[in-house]
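A quick write-up on the structure given underneath.
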Amino acid sequence: MNAVRRANFPLIGLWIALVVTALIWLAPFAFMVLTSLKSTAEIGRGSIWSLPEVWRWDNYLNAAERGDLWGVAANSAYIALIKVPLGLLVSAAAAFAIARLRFKRHRALLIVIALGAMVPVQVALAPMFTTLSSMGLLNSVNGIILPYLAFGIPYQVFFLYGFFRSLPRELDEAARIDGSGNWRLFLSVCLPLAKPALAALFILDFVATWNEYGMALVLLQDQEVRTVPLALQAFQSQFASNYGQLNAFIIMSILPVLIVYLMFQRFFTQGALAGAVKG
Amino acid sequence: MTTVSTAPPPARTHHRARQGRRRMPVLGALPFLAPALALYGIFLLFPIVSAVYLSFMRWNGFPTVPPVWAGLDNYRDILTNDTVFHTALRNSVIWVVLSLIVPTVLALLLALALNRRLLGRNLLRSAFYIPAVLASIAVATMWTWLYNPNSGLVNGTLNALGLSSWIQDWLGEPRIALYSVFVAFVWQTTGFSMVLFLAGLQTVPADLVEAAKLDGASAWQSFRNVTLPALRPTFTVVLVLTVISSLKVFDLIVGMTNGGPAQSSQVLALWSYSQSFINHNFGGGNALAVVLLLITLALVLPYLMWTLKEDER
Amino acid sequence: MRTPTKAAALAAAALLLAACTGRVEDTAQTSGGPVELSWWMVTQNSDTATSALKSIIADFEKQNPGITVDLQFRAVDAHKDALRTTAGSTSGPDIYYNWAGPGLGGELVKAGVSLDLATYYQRYKWADRFNTSTLAAYTQYGGHHGVPWTQRTEVVYYHKDQFAKAGVDGPPTTYEEWAAAARKLKDAGLTPLSTGGKDNWHVMRLLDTFIETNCGAELGDELNTRATSWAGQPCVDKSFEQLKQWSADYFNKGFAGLPATEAAALFNSGRSAMQIEGDWFTQQNLDAGDDQNNVGVFPMPTGTGRLYGFSEGMYITKTSKHPDAAATFLDYFTSAAVEGKYLGVFSSVPVNKETRSANALQPINAEIAGLSGKAKGFFLNNDQNFPTDVTTEYWRIQNGVTSGSIAPKEAGALLQRFIDTHKD
């Protein structure tokens, strides 16, 4: 903190500006927490920033029960914990093949795969519905994992391709002189080196999977298989006027991703994504 | 898929061929590619092909009613008989342009500021990043509540600041509904772009910045001549990701206005969905989807080609 | 071309899935064995209704040992989607719930999803069982599609104390009296009518009412069935004009962005004087703690003597393997004994002529039931009259008028232009 000790006024001004902006940025959360602890009647008449007259902790319990929080969270967790590792493995294998095994037209293949990232999921919903339905995998947490995997592939392959390309060629040569095959090269050389990239992708993908709404809306229609975003939407449409419980439910629904983020935040705030922006 | 299977199998294929990578056979790569290609083919490529096919048909979505060939009718209808398309297209364009400017500039400024050594720097970074990990539908629900005309934060704060004349029906007034949703979008997405810029700033050569300073360059000059050029790849990534995500915007609008009031905040992705799934006009919905896809391709394909060309060098 | 792609897709996917799925399809039932009926419903808003359906099934299964009923709930949109996508396939249900109007239930009938129940109408004498006005919705496509379950009635709920405070003498009986009452309420500093414009159908209730008022029953029906043009109709122009005026002067502030549940919260907490709702609203209003002695209802004063409302029914699918068992169940479900036992839980107005209520209705619902007895028929919510794409356009124009971006005079012509260019 050399700069501050030397009373660098522009820097102090910058710091104050940043803190104020950050407070504004976070104000919605504070407002939600306050609201989530009030009764509907109090929200109707009280000032918005006043502390609750009666702290309604039961809003959380009631909202969790009404929205079947544990059931839907279990569904979301199950989907994310299977989809994310499996997806990373599938994408890493494909990216490895395209980046290191230099078969003909590998660039064309990469372009085709990357173009998948541009497809708005709404385009694919109707045919996807028919396909899953004919496989008997509609309204199934296992079934939805398949399109989730497919839609994760373009970004992940593109990102990991860049990473695998940046590894020095000599690695391959050395491994091959040892007599290693492609699998050895992939599993014991490239994958371990890709750990930081995979960790960053893991978090991004976990968050994206946990939060996915468009596909789940159409492919998971039974109450028992709903995920957290669907439950949130249902909660809002059914109990929109019960502000306290609604806000309690929002807060509970975002806690898991917040925790995951805080656990792994160094990957983001310290620039582990650098590989993504080297072009 | 076709790329792989139509490539003629090389004469002699040895798994552990040491002849060098030039003759590395496609068969060796196939086991690595197969799972990804199968998933991609079934759940991405096949749906797109059938979407394109359906865009030339008239169909109400009932399996009992077979689709009827309609040629280019659906595309003609979009241009002549669709009362919402023009609004949706205009809004999508506005959304993309605003997204390229507002969150990007904000993110860059934040990244530059938070790249300096400051007290509680990581905490501040987290503060701006946290909204990016929330589900869009959660952001939509939150902001709907913040905009609530009776007890929401926005009008409540304006009131408390003595600015009650600024109070608006943020989501109910057709002229501003789209922009109200956009504010929530900025809040949600700025953090991710900021993190990308921060990552990009790590690639700026420190010795060059130092050298510029020694040469007596002003902060602005060293930013323009050293930092900015080094950030060029980052800019490309941020802008491309922004174009893709802003053309796809769906959850936020569904959650906050559902395209209303009077379709004033309608965008292409949502209108395509509504045509298919709400209005049971699958031909029209898919034609819109194809239009959306073409727009995205036109904006993003050049970047992809360029990246890969650079990569070959 | 599509089939091979699909087959390849299936094969590959099956391989992928081998590890992670364990779902086994029901084996087809052979005749003689126990029959399982699958029944698709929309999610019920009250727990009372959900458990009532379950106990009806339990009672039925006790009386009919060979038949079991598997009831599945879905949210409204999910229900519509699921029905559409399983149409014509055996993965659909045996019995499904739907709204009887041509725009909703009628669409499925047209798509060949519903079974013509003529033989069962004969066998069980259903034609004599139900109210004629309600039954009309089930015979309108030729044949007999579905059986009536409810007859919903939408009326104006109002707060008596607010009417008194504003100097309104009693429920209005003409449009002029109604408009005058709204004016007096506004002058007294009250919110005359609460609506939630984010849910388009909520505002639509007033627009539909105005069209019935200004155009009359006959022309109104012709317009709503699109048998005559909306363009150049003075009564249509006048209706949009009135809608614009009411939305500007008499609606709750900020209605356009609010969902209907929030409008209801305004009414239930005494912050608005009137709201247009159906008989299902009574229970909500009661649960929210509104003083039932202070709440009254009156039919919208359209001058045609018809009530605003719709019917919901149960349909048997063409693909059902057990139509006889399904009909047996529906015969039980719509019997006077069952309807009487649960009257007030689902709906307050019986559709079975023989039904006698086993329990006393809530006073407001009794009042609504009384109104139906005197009504000259029903006029239907337009989102049930129109095909879905016309409904979407109707709402766009309606909201364009209330927000000022569409002039009331242009509205009819705009709608007609859309109808003309979207014939199926």
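Lettered A, B and C in written order, each chain numbered from 1.
Note that contacts are C-beta pairs under 8 Å (C-beta built on N, C-alpha and C of every residue); 3 or more make two chains touch, one makes a residue touch a chain.
Remember, predicted model here, so these are calculated numbers, not experimental data.
Set against the C-alpha centre of subunit B, every other chain centre is closer than that of C. The greater number of contacting C-beta pairs, out of the two interfaces A-B and A-C, is seen for A-B. Mean C-alpha position of subunit A lies 39 Å from that of subunit C.
Between subunit A and subunit B, the centres computed from C-alpha atoms are 15 Å apart.
Residues of subunit B in contact with at least two other chains: 35, 39, 42, 46, 50, 61, 150, 277. Those residues of subunit C in touch with two or more other chains are numbered 6, 9, 13, 16, 81, 85-86, 89. The residues of subunit A that reach two or more other chains are 44, 131, 146, 218, listed in rising order.
Subunit A meets subunit B in the complex at residues 1-4, 11, 14-15, 18-19, 21-22, 25-29, 31-32, 35, 43-44, 47-49, 90-91, 93-94, 96-98, 100-128, 131, 146-147, 149-151, 153-154, 157, 165, 172, 176, 179, 181-182, 186, 207, 210-214, 218, 228-229, 232-233, 236, 243, 246-247, 250, 253-254, 257-258, 260-262, 265, 268-274, 276-279. On the subunit B side of its complex with subunit A, the touching residues are 3-4, 7, 15-16, 18, 21-22, 24-26, 28-29, 31-33, 35-37, 39-40, 42-48, 50-51, 54, 61, 110, 113-114, 116-119, 122, 124-131, 133-138, 141-146, 148, 150-153, 156-157, 160, 187, 195-196, 198-203, 232-234, 236-238, 244, 247-248, 250-251, 255, 269-270, 272-273, 276-277, 282, 285-286, 289-290, 292-293, 296-297, 300-301, 304-305, 307-308, 310-312. Contact residues of subunit C toward subunit A in the complex are 6, 9-10, 13-14, 16-17, 20-21, 23, 25, 43, 45, 72-75, 78, 81-82, 85-86, 89, 91, 259, 261-262, 264-265, 269. Per the touch definition, subunit B reaches subunit C in the complex via residues 35, 38-39, 41-42, 46, 49-50, 53, 60-65, 77, 80-81, 83-84, 147, 149-150, 169-174, 177, 257-258, 260-264, 274-275, 277-281.
Taken in their complex, subunit C has these residues touching subunit B: 2, 5-6, 9, 12-13, 15-16, 81, 84-89, 107, 111-113, 197-198, 200, 253-258, 387-389, 392-393, 395-400, 402-403, 405-406, 414, 418, 421-422, 424.
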